[in-house]
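Shared between the two complexes below is chain A, which has chain B as its partner in the first and chain C in the second.
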Partner chain A sequence: MATGESQTPDYQQRKWQNLRKLLERSGPFCHPDFEPSAEILDFIMNSCKVLIVGAGGLGCELLKDLALMGFKKIHIVDMDTIELSNLNRQFLFRKNDIGLSKAKCAVEFVNKRIPGCEATAHHCAIQDLDEGFYKQFHIVVCGLDSIVARRWLNGMLMSLLQYNDDRSLDQSTVIPLVDGGTEGFKGNARVILPGMSACIECTLDLYPPQKTFPLCTIANTPRLPEHCIEYVKVIQWAKENPWGTTTGLDGDDPQHVAWVYEKAQERALKYGIANVTYRLTQGVLKNIIPAVASTNAAIAAFCATEVFKLATSCCVNMNNYMVLNMADGVYTYTFSAEKSPDCVACSNNTQVMEIQAEATLQMIYDKLCEDQLYMMKSPGITTVINGRNKTLYMSSIKSIEERTRDNLKKKITDLGLYNGADILVADVTTPNTITIKLKFIENIDVEMSR
Partner chain B sequence: MIKLFSLKQQKKDEEGTARAGGSQKKASAAQLRITKDLNELNLPKTCSTEFPDPDDLLNFKLIICPDEGFYRGGRFVFSFKVGPNYPHEPPKVKCETAVYHPNIDLEGNVCLNILREDWKPVLTVNSIVYGLQYLFLEPNPEDPLNKEAADVLQSNRRLFEQHVQRAMRGGYVGSLYFERCLK
Partner chain C sequence: MASPSPKSPEQTEKTKQYDRQLRLWGDHGQMALEHGHVCLINATALGTEVLKSIVLPGVGSITIADDKTVSDDDIGNNFFLESSSNGLNRGSEALRLLLELNPAVQGHAVQEPTDQILRENPDFFKAFSVVVATALEDKTIQNLAQHLWDINVPFILCRSVGFLGSFRIQIKEHAVVETHPDNEQTDLRLDVPFPALAEYLDGFDIDGVELKDHGHIPWIVILYKAVQKWQISNTNCWPMSRKQKNEVKSIIEEFIRKDENGIPINEENFEEALRAVNTALMPTFLPTNIQNLLYSSAATNLTKESSPFWIMCSALRNFIESEGKGKLPLRGVLPDMTASTEHYIKLQNIYRSQAAMETEIIYRKVQQIIAQLHCENISEGEVKLFCRHAHDLYLIKGSNIATEHQLGGTVAAYISRYLEEPDVMMVHYILLRAAEMFRSEHCRAPGDWEPEGDIAMLKTCVNKILSDISCSPFPKDDHIHEMCRYGGAEIHSVSAFLGGCVAHEAIKIVTKQYKPVNNTFIYDGASTNTTTFTF
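Here is the complex of A and B:
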């Protein structure tokens, strides 16, 4: 630890005195189990590991907020590089940084500016990091603009959960997720306790669907500039393949955007539609809603406060979903999003099936249909082996049935299954695909012949 | 609310010390959902599916052979691509068979509301199959994608029927050539 014994520990420095008032005294809003102590600040500074996902508009704010709050062991992940248009709100970046990694630049800036901060950057996609990586964090806070990435991260945190033999959740495996999102003058912040409270997948309906126009409208009766751009994006690109059939439209490629812009203008002219601009083209292609710096700042502040509450227990967390609307005055509202009992991501529907190691897939299939526990009608069985999906047997689809029928006769170990492997079973009798963990038991015949 | 963890005592493992016994990668939410959709696929007798790779449930083909209406006797192949954001977003569906149809253009784009603006996560692959089947029974000239075909259907149903027949047998309708797609 510190080199000079005579030096005061950093958490006793004067600049933390306001935090210490929160952490070293009790109060009416404290968590019931809160025990005021000087060690809490030490924990924040020297032990608590927080992962920030995304180093964009929200991510820059989050990193600054958390670092100034005393968190030191912060990691931040983002695969993007800095663009000119980021600079107005992503304030940790400068003109010279254009083209460089967002995560790296953000970390460099903050570590230099805030003494003692030891932030670490990861310039990669969240999908490139594995379970072992995510497991090391106490709290994950996420400022993403993509639903796919959110769902992936949510799934990852759910997959880290472990359950006790009585199917109760092992709470030491819970890594809370604080999620922020903004769209123009609107935003939301929420606290997710994986396996305990509503997750991203439970509330997928809350995300507005991407705005789309009927295909026939954009093809034949365009009225809006967006219709013209959508037409080029959906129909004309595939027709003309300006960069060859293997090159898909990339909204980040300025040449592609310019091509779409030009064609959309031609189309707008034909139909007498005004206001097709380069900016709008970019917006439609990437589905961009203009980012507002103050919305990001507000939402990041909410998120950082929730992270602080989680880490210290000095205050009860919000329950659990907060919306902010600054379009007309300032309005906030917090409600409790409900956990869906049969959510595909967070409900512990894993069951355990005991089976002999020598068993064939047919024996599993029969068990699923005949065992009192399951009583299924026509279970479809799949699994994941080395990260790849594998269809073991599915009777309801003729072409798959024909090609997986032989699997029934095979030993399950020859199909790549092992003691502790999960199989995924879909059937009309359950609302969702369920996970069944195989537990190998000694074969009695083998036992006797010994 | 219960106290989640006593962080004071808790130090996290360093990176890389993954759970003992090798952990299995979990299937994605999209994968779990499509497995469920497909296992419960209840195809009308005019439809069948083909999976080029039975382990890949996210990419497959739907074949529709209408037994009534203008398109009776034809065989039409649709490709389905289910993305990682399913069911938040609908699958991408394209018609791979060239067809003279008011709601399907020659690039294979299909104008079906539930494939775009009216998609909802409660809908399933089955809903799309029925929607597509319906397009062959009741082509809708009100929402044209192939405007010429729509105009003909609206003004002269007999001529439209002849055009459909000619296209399905393989041949020209106007200046456009159609491959034979009769069963």
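Here is the complex of A and C:
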């Protein structure tokens, strides 16, 4: 066909006929605000800006799905480059593309396959983009494998919320977040209306705790092949430094993996432990999550349907969390995750931490890492004393860590903190510094009551 | 500094590419997939989405049968067609773009309509591991389903219209050895310890263990000793009731050493033993579903044509009736537990050796049967896998779609039973069927031109189905209206969701791992609900 013809309104009408039936007709299950018209498709195509976070297994699917659901102004961000092990599911990439930017490759492919699609790639970390960038989107859809990145993004969208003078939410600042995740034959999808429904931080307990092996088991009483591999990774590598002291263990370097595999085998042999394999070694070193095309396709499509509903109101959205299990038949379960009233990210309330007056800074630090409310990774704690910022503890910068390490043992009152004092907490799980008001409590054992 | 150069197995390009899925179905699952040949009838958006997720993981080959020409709206919702595909054969175009995904996959396109293939070359379908069909006429569905049933080729029929979709798996018989259950039952035999285990456990002196090693005694030993002590005052008895289990727990608590102040020392292995009381004391038994399987006629009346699954079932039954003394072969897997390396490995080897011994007996029985029947050999590896998973064997006895479509007595009763329950998605099934009936009567989808006019006619179809199953008409007019609003539109994201699911089920069928849907799955993207029916 001539290229000119593909741009005629008539052709466009025919091409998008399937979507037009949904958007130009009313139905009994439509969202109450829905007014069928041709303008909705026009809005999706020419005004609605959607951000896809992640151009991996879910991201590739999402880009294709949204482009075929009429969206044109799609941005996609991913810092990763393409690897061979991606090709079993990330269908926009070929062997020739290995080493190239995932975001750029995906965009190039889809813009070519679907004329009119104007997807834009950002080959960078989500943390490299600022508020101004995120603010421009109508909807964000997220297909990440990292919980920390997800939490950071969630925090970013929450920080864009503005409140009216009467403390009610300014709804025009709400950017809906659709989030999908998969692991093997299982997955989940959710719709988050920032400030209005449960956000990622409200439901941190839905993430399974990370599996770790106690150091004493690894060192003294190994039983499983994983223990042998962990030993080489955690202890033997640092002792022997096979590639010199400046080279850390890289799970993507086949020589490193092979070295660990060999040493782990030696250790396993010594203890009579069976089944140390190369595949297992790699899995333990890189914390590999199994992944397959079909599960990703299903979860991404589920998310894309919700994005389409959000953008068009042609149907009510899912409320608000769906789990999928494809290991035993195909099973889905949808439930309404509840917004936590004192959520660190999405509640407009002052954060209060109850703590004993006799507590040490270490106790605050541990609370920030272990309490279901915070679950932080390496919080940096500062405060303001007499109008001046004072760093109490920060582990992310080596020199500051060394300088502030002793503070952990000190009583918080000796550090100048008092009942009602504010501490400012920064962490990789959030783009914002969180202000927490300390509230001193009677000396009762908090751990016992929990 | 010279780099160390470990001599480790070079991973092949293929194992690297498929690494993330090999962790799910193993090298043998991959091998099965690479021997698979999947046929797609009609390269609609749903059809190509199914093939996409089968080609990516590396199925052996695909064949697309499609006589349609690519139209503008095909290009609008199908990723595996491009602007230049317009006017060309849809199957060939889709095939070309699908094969780009994975050079290891072979592909063929056939441009004849399904009815013609069924008429002129029905053997065409014999070559396939699974046939997947979309957008078929009611009459063709019945003919194709009957034929595939007769030649015993698995069939998945898929539909996608508006926010609604479904797929139906037709498979005569499907046996799964590796079901990969989330929580595998442990098989420890504490109630009936085999000689090597009894010898080890009886020889273990808990009281004689020094304090520093006390925390390294495997909980299995602790639990066994506690039960033995409990049995002193409960002869010939096994703790079953909650009260009895609590008594065992008290004994375990007594085992825990105390410090100089009489405060119990916190030991992880004793904690584990206390937690295990509720699950690990379950007596060893032969599950009813496995028993039924082993005594079904397919397992008791073997012929030369019997599948390896049934031959192994027969050998397994023979084992249970003789050497196994009524029990399945030992699973041979020791769960992880706090223990010294020495204790753990010793115990692990005891379980493993016993399992290997029992597997060997069953393998010999399998060989005997093969020799008697003169049928194809079954490898030792296969028998091992079978014995290892003997507790979780799973069998689907399928039903014929053609029978379902004729709405006979059993099917009718099944449908009407679910129609009466308000939250069950049977109404969606009726509407999908009614829309198909509408299409064969009017040669277009309900609401294709404009929705309102077709509502009454679609309702007639619904009522016809309802009267066929002797149900009174239901007042769900809004569902009929919604179906007319869809006007037969195929929405990409709805098809992509179903496509992922159907591909997944096809892979389960080809690899014979994991439990497939039995047998009908319905998805409503509007209410984000799904359900499974067994017709």
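Just so it is clear, the second predicted complex is superposed on the first by the 327 of 450 C-alpha atoms of A that agree within 3 Å, B and C clash if a C-alpha of one lies under 4 Å from a C-alpha of the other, contacts with A are read in each partner's own complex, and residues count from 1 in each chain.
In the analysis below, contacts are C-beta pairs under 8 Å (C-beta built on N, C-alpha and C of every residue); 3 or more make two chains touch, one makes a residue touch a chain.
Only a predicted model underlies this, so the values are computations on that prediction, with no experimental measurement involved.
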Next on the checklist: After the superposition on A, what does A:Leu100 contact: first (chain B), second (chain C), both or neither?
Outcome noted: neither
Checklist entry - Which partner does A:Gly283 reach: the first (chain B), the second (chain C), both, or neither? => result second
Next on the checklist: Between chain B and chain C, whom does A:Leu408 touch in the aligned arrangement: first, second, both, or neither?
Outcome noted: neither
Checklist entry - Touch check for A:Met363: first (chain B), second (chain C), both, or neither? => result neither
Next on the checklist: Applying the document's definition of touch, where does A:Phe133 land relative to chain B and chain C: first, second, both, or neither?
Outcome noted: first
Checklist entry - Regarding the shared-chain residue A:Ala219, is it in contact with chain B (first), chain C (second), both, or neither? => result first
Checklist entry - So, A:Met79: does it touch chain B (first), chain C (second), both, or neither? => result neither
Checklist entry - When the two structures are overlaid on chain A, which partner does A:Leu22 contact: first (chain B), second (chain C), both, or neither? => result second
Checklist entry - Of the two partner chains, chain B (first) and chain C (second), which one does A:Phe185 touch, if any: first, second, both, or neither? => result second
Item to check | Residues of chain A contacting chain B in one complex and chain C in the other | outcome: 316
Item to check | Interface residues, chain B side, partner chain A - complex | outcome: 1-5, 7-8, 10-19, 21, 23-33, 35-36, 38-41, 48-51, 54-57, 84-85, 88-89, 103, 105, 107, 109-111, 113, 115-117, 119-121, 143-145, 147
Checklist outcome for this item: Listed in rising order, the residues of chain C that touch chain A in the complex are 1, 3-9, 11, 13, 15-24, 45, 49, 52-53, 56-58, 71-73, 75-79, 82-84, 86-87, 100-102, 162-163, 179-182, 216, 336-341, 344-345, 348-349, 447, 451, 478-479, 481-482, 485-487, 489-497, 499-501, 503-505, 507, 514-518, 521, 525-530, 532
Checklist outcome for this item: Given the complex, residues on chain A that touch chain B span 31-33, 37, 39-40, 43, 47-49, 130-133, 135-138, 147-148, 151-152, 155, 158-159, 171-172, 174, 176, 193, 201, 204-205, 207, 209-210, 212-216, 219-220, 234-235, 238-239, 310-313, 316-317, 319, 344-345, 378-380, 382, 384, 386-391, 394, 396-400, 403-404, 420-422, 424, 426-428, 432-433
Checklist entry - Touching chain C in the complex: which residues of chain A? => result 1, 6, 11, 14-19, 21-22, 25-29, 61, 64-65, 68-69, 84-85, 87-89, 91, 94, 113-115, 184-185, 217, 221-224, 242-244, 254-255, 257-259, 261-262, 271-273, 278-279, 282-283, 288-302, 304-306, 308, 315-316, 318, 322, 326-332, 334
